[in-house]
């Protein structure tokens, strides 16, 4: 019976796949789906200070691309920023989750929790599997807009040993110094947005970590998911 | 030990159509090899970026990040899928005594599949990529790819199912299982994270997809073809039928469960991560039985390793497969993950399995079948074939070992909280070694390409 | 097979040959060495680190004109001047090593200077030593007297801390008249009442009372005196840092040193006041406060 093409197809192929999906796909999903998926409106209710700063530093260009630094403009920039992040495959060299091991919480900031990814910006997620460059999920507050402007234009200019490519097409090069174009401002907004939900008090120094998000866990769902993540579910 | 020799099916005589369509084998191999060259040139270009020496800088659509995606997509969908289809056109009719479903379907698959790959590659280069590992093809092409996979299943499954008798040869199970898995896996992996599984849940599905693509598409077809080609080439039945039974069903039970080991210590619930770790270690036992089976088959035929280049490719791949899986069962543990995740170790592992195992097997199949399907009878130059073997083999070993060591260096530097730039400076010598190992593979690939071209020319002249 | 052996050997050797071409030669200027009290090895380490991490913004000659600096609103520090902004000495005096070390370690918020906390302490010390060689004249003098942090008279008592904010507001708008550079956070009438308390006559105010004013630094660039409701503070907004910045001033800029001019209690009160504004940033309350403050402008018109 087990040495037959049909058995292999129906039982080994389809049935075993469904079993595996139920265990490793459906079951975790059923837990994770208890979380609310934040909409773009909720995500951009507070306009990112870095986004406002772009409007201030490049008033003419910003007005042309995004108008005023409103919530709607920020949502537009975030979605475009994620598209740039995807099409340039940033996620192949920069991960977006902090593990509780290997001193990552000290280096980058608080360990990632499931609820941080439960929003419309994570279809699909951008966890990544390689770190040629550092993790980015706690990037907000680590570098200024200006730093990013120089860095995307030519990474070796600010980090001489960096192996990141230059993204000159994210700039309007007809002026000196080059000014980020619509896509350039979008990717800067997106990168500055990563982790901004932890830095509501934007005044902290670059390196001083805020209290981990775990301290702010409120709902029962959050509590349960944190337990599942730590592996001590009852 | 019980043995089950390969069935020699009678060829039906009342039908004038050719039993095996050589044109498909040849066409898929030629296209597959084209995509192989394309992909590894991309990989080689991309490796230059790590040395701040990218050869085509400042061009938007040739940006290293995009080239990295066509490297993996070219390998998975261009090289491996094409070459496997070609080999299936050769093996399936011989194994089952049945023709494939239809000749025109064959032409359709050949052209449609390569057009799809081309459109995907162009789409990626022009910024339409989807952010899913091994699934970077634009999201709008995914439904078409599913149609293509369904066509491939329709082409081969009827022949497999119509095989006479109730006990079928092991290769047939593998092919049959893989044809069921591939479409399901592709559907789950490309649509799940994009539409119904947000963030962390999407990562769980992505993990399954990344691994299933290797485990449920490439691996079963690869082993199925090994179970077909090795006994024929060394003229000896496979050593143990029972072990092959264990190998297939072990794969079917354990492989689909492993995917989440790509995201250990992530916010995915820990029980799913533990499940992935345990089943990954379990598959190592299964793999060992399969490898033992093949090496027992080789007993008293060891001379083939020296004299027959296809057999040498196959068994080199099997040795590397054993190393890959052994490495895997270690690296999947939470202890190893602390250090090696996110590092070049994983990149080395991926090259070892995709090129060192399946790429080598495909090279062996091309080595065996290309002179036959081009009707040249023999290679233009055996000497060049050997050059290719040694360049690619040594190149791959260098690439794998340097990346593995680089991964450890990076992992420990990160754990020890060295400034991030230190891990880059420390990796540069390894990346140079990787670059040159890539160059060796590239030269080896060009040699075989030249050899294939000349052989095909000889065939046409006959 | 001989040929192939030779080829493979070449493949192995070539990378190492190429790598070994990369070595750099030692040419530390001994004159520079004489002016600061460090070993030659330390300076070589410091220069290597400077060229690995700092050169892009601060430039090869330490003049703050690295290739990236043209993109920056806030210019990188020009080390050749020997003036540093944040130090534990009165503005204008020679800073201590630890002050430069802290700036490297913590970075400067809002500017493009990131934190280098994961550089080893040895490297950071070496960097400090190397930075000092850019202005040998300044650092041949002994550093200025370190200002100590006076005892906090409001510490631990919530009510006293709230009063400290009020007291700080009075000082900010009264004696020190910080609104001549920073924005004011009180209505014109309120300011006049604060002035009255310390015996100063009431006055009229310009329309830019609630705006940040720009001024030129010793390095020739124009900087803004930050609105505490809007801009991050470069050296952070914890109380002790704020106190130190208020009492030491900011080197090279219009921000004077208030140490010895204001009593300790007023210094602390000012720190509390500035902090009470600064922590509102990024919160909904911060937006409201900022808007309300801007609306005070109407009272002048």
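Per-chain residue numbering starts at 1, and chain names A, B and C are given in the order in which the chains are listed.
The rule is simple: a contact is a pair of C-beta atoms (placed from the backbone, for glycine too) under 8 Å apart; a residue touches a chain by one contact, two chains touch by 3 or more.
Worth saying up front: this structure is predicted, and the values here are computed from it rather than measured.
Trainee: Work through the pairs of chains, note which ones touch, and then classify the graph as line, ring, star, complete or other.
Mentor: Drawn as a graph, the chains make a fully connected set, so complete.
Trainee: Counting C-beta pairs in contact, which two chains come out on top?
Mentor: The chain pair sharing the largest number of C-beta contacts is A-B.
Trainee: From the C-alpha centre of chain B to that of chain C, how far is it in Å?
Mentor: From the centre of chain B to the centre of chain C is 55 Å.
Trainee: As a quick test, compute the distance in whole Å between the mean CA positions of chain A and chain B.
Mentor: Taking the average C-alpha coordinate of chain A and of chain B, the gap between them is 31 Å.
Trainee: Between chain A and chain C, what is the gap in Å from one C-alpha centre to the other?
Mentor: Distance between chain centres: 30 Å.
Trainee: Please list all residues of chain C that touch 2 or more other chains.
Mentor: 52-53, 118
Trainee: Two-or-more-chain contact residues of chain B, please, as numbers and ranges.
Mentor: Residues 417, 420-421, 425.
Trainee: Using the touch definition from the top, which residues of chain A touch two or more other chains?
Mentor: Touching at least two other chains: 107, 156, 159, 161.
Trainee: Spell out the part of chain C that touches chain A in their complex, as residue ranges.
Mentor: Going by the criterion above, the answer is residues 51-53, 55-57, 66-68, 70-74, 105-112, 114-115, 117-118, 232-233, 235-237, 278-279, 281-284.
Trainee: What residues on chain B touch chain A, complex-wise?
Mentor: 49-52, 54, 57-58, 60, 63-66, 68-69, 127-133, 136, 157, 160-161, 163, 166-168, 170, 172-181, 184-185, 188, 192-195, 197-206, 208, 210, 216, 245, 248-249, 252-253, 256-257, 259-260, 262-276, 337-339, 341-343, 346-347, 410-411, 414-417, 420-421, 424-425
Trainee: Within their complex, state which residues of chain A touch chain B.
Mentor: 2-14, 16-17, 19-21, 23-25, 27-29, 31-33, 37, 83, 85-93, 95, 97, 99-104, 106-107, 112-114, 116-120, 122-127, 129-134, 156, 159, 161-163, 165-169, 225, 228-231, 233
Trainee: Note which residues of chain B are touching chain C in the complex, please.
Mentor: The contact residues of chain B facing chain C are 387, 390, 394, 417-421, 425, 429, 432-433, 435-436, 439-440.
Trainee: Which part of chain C faces chain B closely enough to touch in the complex?
Mentor: 4, 8, 11, 14-15, 18-19, 52-53, 116, 118-120
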